[in-house]
């Protein structure tokens, strides 16, 4: 067994993390929980990127660079997201996203 | 007259009028609009004068400007015998309608006149366009002003009617757009990817009839799309149900133009485009179209028999009368097509006049229910005399114009299939029945209580109203006695069109086909009746919701 | 004088009169009749000149006056043209003469009507249409006139538009006529398709020329076929038109109702002229019918059936005008029977004599009705002979004429029909015709008896005011009575005796006139005129005719009385009641006109109305319902789909996730291929 | 980084400077409209000028990560136009609601830079960053009316789902990158050609494609990934809605052009079917649901979904082998931008009085109250319906033409797609014309005085109107441009 | 009592983490890296699951930090120390703290504990499982062209490539952050700052 040297293992781990994040996004009610779930998904993606970089020749640098960029983008996303969460909490006094259903149909 | 872009002048004079109406204060709207329409009329008469009858099948006064060079789309206008007649019909009825709107239309007069003039532009454009793309554009332009005219100045249920009108027409016309594009592309593909002429009607026609022609599947599909667009506009059974609604709700002048000109757009399209560009498909479809036309002729008349509303009755009679037009076209006989074209002009004049007359009584009573009328002959004899004249004209009284067209169409049909002609001729009885029934209820007996209650409001027809009807009446008589005027002009077009499609041999209407059609009809009825409660509920709820909205 | 410019005037003058009256008549008040009557008067004069010219052989085979190319639609080329030959001339005599007399009569009859000007306008319009009909050179011109007489008939029947029954009757007349017209129109189309022309003579020549020169046996339909449409079909279609206009069974229902119109109209249109148009048409088309023997049998059967049917109804009617109307039907039936057996001359003969005596009878009845203050029920008349003697005398002449008592006009024409039928082998036609002749004499003297003889049953209020009509009305009566008396003699006059007075007899005057018209038809029929044998079969037939007329007359005297000079007798009401009680069914059938009106009501109003209502229901609910259904289904599906939009992010996300899974699946599917 | 690189990215850099300049202007003169507008509009004009100047020659920069070609130039001009118009329409809506213009303009211009980057990217990473730079400001703009519950609700829905889809997209991107081993688009295409030469997709590529398609479909609001659209559009401040309906949409199509057409071009045959299905679903659902809407903004949101479907039809036609599909798509993008912005501008103008909803009732009697606005709205709606002679008509005709051509080339399903499209267009007439019904054929519940609208709004409307008519009447020039743009990648 | 509980939890957590590592080493004859991978991987997954399932959102946040930390560890194993560092700094140092702040800001006492999950938790779980299965199958079925040796990253190479090929995205990310900050600040600002 050679888990640590197998790309598939990392990718499956990444996929699992991604899916857990997706589950959280689908299932949680709290806006911040959903935000955290998205972060989990992005981390899953990042893991796969880094894994590709480490196992496919010639990609190691690019992998890291992309991963770094993704982390930065995630940070920006989190900034925006949290700002919006704060704003809507001020309006609605609840962080539960499923109660934001004034608009539908 | 060389060098003067007279066709553009005819087409866009009303547009200039519309702009002038829009800019000037509302009190000038009526005279300016009438003036513009009259100018266009005069211009179209110049066209008539300058037209070379001997070359009636060829396009004259053509104008050509490159428009979208990438696709070879051009601004190309031209007039042949067929379009000349219809253009003059349009310009004539436009000023008549505008004049007839002076009194009934009292609100938003500017918008009304602008709409009407733009409508005129679109209709003339349709008849003159020699570029399929340009044709489509004019075709759609017609839609908008009519939508507004019915929707703004119409009756109580106008919104339902106008939206139905637009949606119905749009379904057909958009499919026609697809067909136009497909045809152009097929042409382009056949010419090594060169778009030149791909939208040029004359080039396409030459290609379709002599230069190889379009493939069978394209022909069938494109003809089908054109058929749908035109059949809805004509309207042919079973695509006619927008017509009664639109007519009932439209203001008088709207009904007049709708019946007199707009229904002709479809028939014109059949002759100009559908059969010349897709002759093989036209031959294939002809029996089915003839059957539908026969159904329309009889069915429209039967349904007209029981209409309680004057306008609805005339509307259903239009369905019946327009059936002669499509019948005459698709028997592919010279008499048939000449009859069809005559019928187009005559139906325009006669039904236009009938709607004007219904408008006259509506103006005084604000009602069109036949049951409430009666005894007008004593109270408004001039009105009834004129009404009677047009009723008999509509019933196809020989000597008036309606007869010649109908009879020619029937002769053409007879040589195609006597039974078909017999069925169509049978409608002479029904036409007499519903028209005389209406006329009798209106004119005879003692003055009805409802009308008596109106007191002095119930005046006889006014000189202005007579002025709107006089030209129509004069033409009805003139064309009845001297249809040669029209026949000479259209002769070239008919000959050319039939040369395109080929006369073909007399086709028996296959009993199997008839049986299948009947079977399908029965099936539709059964399905429909079975689902009736469901849809009725849907319609009710929709009515409720639209009422609430 | 150039007749070419005069002939169009015959039709144009009444048209001008119509246009003038329609435009200005209203302002002229009681003088409104001047122009129309003058127009018809001058037209009559011209017509007489033309007739003279024609009958003296001035036009030869016929004369065409082309006006303009009416419908120049390529191969379909129709000229607006007039054509005059001897047949036209005969019709011109009847139409213009009776027309003029009726115009004059109407001056008196309609003098108190508010629609005076309108009446004359309509009458002129009718005159124009009728003259156009007989003068028309092409089938289509005839059809135009065919419809125009229908229109003027419509206008005149419905003249008193406030009267509901009049309005209904006029509508009925027009529509029933249209039924026949459909057939006629189809016939014209068929003629065009077969021959490529609508000129009457050209097309007939084309249709029958084939049959003439060949050795085909009569009756072989195949021989008489030129185009795709067999000649017998054309013949029947044309006959359908004729049957409509001439009110033959089953299209006879409109004529009795048409009596709602003013009486001069009944006289002119519904007795003397328009209803004869059908007879004229078939006579005109005689070679076509000759080429289609089956069609001729149909014509004969329909004709003789109509004759007996109408006669049976006329026996019990109580409305004086209706009796005359059914009598007209019956006589028209004779004419058709004559046409059917190939006795075209006899048909035209009867047409002419009948035109005069029936016009006379109608005008006379109008005078009667006038006298008793618009009462038409004969049960409220009686004993009028002394009060309105002019009317009585003229009507008596008419009655004798129609009853077929020699030497009045009716005897000759009717006898010729019956004789020809018998001699042509149509003995059944002859037999029925004889029966009808009994009935005719019976109901006519019933009419005379109830109206003029016996006790007065007139309303007590009206009784003192009964007065003879003014001379403007009685003079026309007399003018009509004269031809009723002598026309039969004149027209059957064989000319200077060629042999012994009672021996060999040449053809009568009318037969000689019409000989060229019928030459082709006769040739096709291949029938040779048997020698007239006064002491042979012809004599027997004449005796039978006279005998049956007398029998009918005597029965009527016995039942309804008689006051002729010394011959006086009261009616026997008991006997009438007994007789009717003995044949209750026949009596009720006759009284109810064999229930044709009820049948039509059921068929066309009740069932037809239901069908139309059903069609409308179908239109609204099925055709339009499908359209609206598509619309509402579309909108509802939109509403249904909108439910997906719950407003909850997680639902949306789940949707996206499912979409993602489907997407992965579909790509994987593609990858696996 | 060389000078040449700088010249090449000059428009992009200038755009960033404009955004910064707006912030500076606001700091210098806080709360003042004038300076912000001047900086923004003049700046955008300069950016536009630079785009045209530098765009005349194709060039790449940053070692092939950034690319200027005719497509870039065309799309950039559209983006600049969209943002400029949105800035013109903004003040009349924002000021009555106490919302500052500076941040609005700055964030908009930031979003524009993202879109420009997308259009110019020749590298997957640049593409992703450009995408984020375009959408993140969009989230913020959606919630710009922060005291309004609807605005923030729309924003959070947009944000959450947008981030979710970004993650999905990125996951797919990582797979493709892992398989091709490069981020440069041209090289990706080359690698894919060799990778699939042996036959078909590998499972990993299929996964990557699926994830990326999903992410992109979300951005263009294709069904069934459209859920955010109605809520975000309805909630956002109206000028923002106008922007959102066109800016990120055209941007996302730029992404599709660069990613699917260029990078994944070799897999055309694989994603064609998916695009066809998406197109059918999108146009049909969009139109059907729009039929039932009573809020005009929400209705236009569904209509925008439907229009996505039409544009996808152009894409499908391209994938089926017809470059006209691409041309049609680009033409449609331009036409849709002007007409939809115009329509939203009218709604925004109506809502100048704070508290006015965008319900259909609001439009009752508008034709009488403010005839000019009514007529303009009618024009835009007719254009959206596709009635000639307007931009919308020609655009629709163009994509239909492409579909028809593709069908005659053998892809019969494209013909069916064209028919479905026109049937949809006919159904769509119902809801567009319903607004006209309210404007001209219904009386308002209560009479209200006409509003006075600012010059900015009128000038913006004038531009939108002229373009809407001109693109319908004289399509020739733009046809040349889109032809060149399409050839740049097709 | 409470202390015991914590201890027990820690023990279980430890067990959960260590067991797979031991299993890998003992049964799979794996290397130390394998064991570490197993342990960190398990820790990451478990903590991730905790993030999305726990009721108390603060604990969720803390679990997320654990998750990110273990991920950073995996980055080290796989040979991307720079990414690991960024992970620790940006994620744990910035994002997680930001999130925790946001939790504080938006947490109301009344937040119902029992309704952590949407009603659609079950379908969500199904969808997630299907997703993971599909991804796993897809990954397994693909030939990635990978070598079975981890490639160690030389930082200089990275820097060179970053500033040669990826300077544009690098610069643009700063613009992105600037835009996010400008907008985010405006949105998160209190309303009463601006004119009413």
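Each chain carries a letter (A, B, C, D and E) given by its place in the written order, and its residues are counted from 1.
Throughout what follows, contacts are C-beta pairs under 8 Å (C-beta built on N, C-alpha and C of every residue); 3 or more make two chains touch, one makes a residue touch a chain.
Keep in mind that this is a model prediction, so the values were computed, not measured.
Listed here as common contacts of chain B and chain E: C, D. Between the chain pairs A-C and C-E, more C-beta pairs are in contact across A-C. Ranking all chains by how far their C-alpha centres lie from the centre of chain B, first place goes to E.
Among the chains present, the centre nearest to the common Cα mean is that of B.
Ranked by distance of CA centroids from chain A, the top chain is C.
Between the Cα centres of chain B and chain C there is a gap of 38 Å.
One inter-chain figure worth recording: chain A and chain E are separated by 8 Å, centre to centre, where each centre is the mean of the chain's CA atoms.
Look at where the CA atoms of chain A average out and do the same for chain B: the two points lie 64 Å apart.
Residue positions 635, 642, 645, 647-651, 653-654, 657-658, 660, 664, 668 of chain C each touch two or more of the other chains. Touching two or more other chains at once are residues 118, 120, 123-124, 127-128, 131, 134-135, 138-140, 144-145, 165-166, 169, 173, 176, 179-180, 183-184, 187, 191 of chain E.
Touching of two or more other chains is recorded for residues 125, 129, 132, 136, 140, 143, 146-147, 155-157, 160, 164, 168, 178, 181, 202-203, 205-207, 230-231, 292-293, 427 of chain D. Because contacts link the chains in a way that matches no line, ring, star or complete pattern, their graph is best described as other. Chain pairs that touch one another: A-C, A-D, A-E, B-C, B-D, C-D, C-E, D-E. Note for the complex: chain D touches chain C at residues 156-157, 160-161, 164-165, 168, 200-203, 205-207, 209-211, 213-214, 217-218, 224-225, 227-228, 230-231, 270, 273-274, 285, 287-293, 427.
Chain contact summary for the complex, chain C toward chain A: residues 642-643, 645-650, 653-654, 657. Listing the residues of chain D that touch chain E in their complex gives 1, 9, 16, 19, 23, 31, 61-66, 98-100, 103, 106-107, 110-111, 113-114, 117, 123, 125-126, 129-130, 132-133, 136-137, 140-141, 143-144, 146-147, 155, 178-179, 181, 202-207.
In the complex of the two chains, the chain C residues touching chain D come out as 634-635, 637-639, 641-642, 644-645, 647, 649, 651-653, 655-656, 658-660, 663-664, 666-668, 670-673. In the complex of the two chains, the chain B residues touching chain D come out as 67-71, 108, 111, 133, 136-137, 140-141, 143-144, 147-148, 151-152, 158-159, 162-163, 166-167, 170-171, 174-175, 177-178, 181-182, 184-186, 189, 218, 221, 549.
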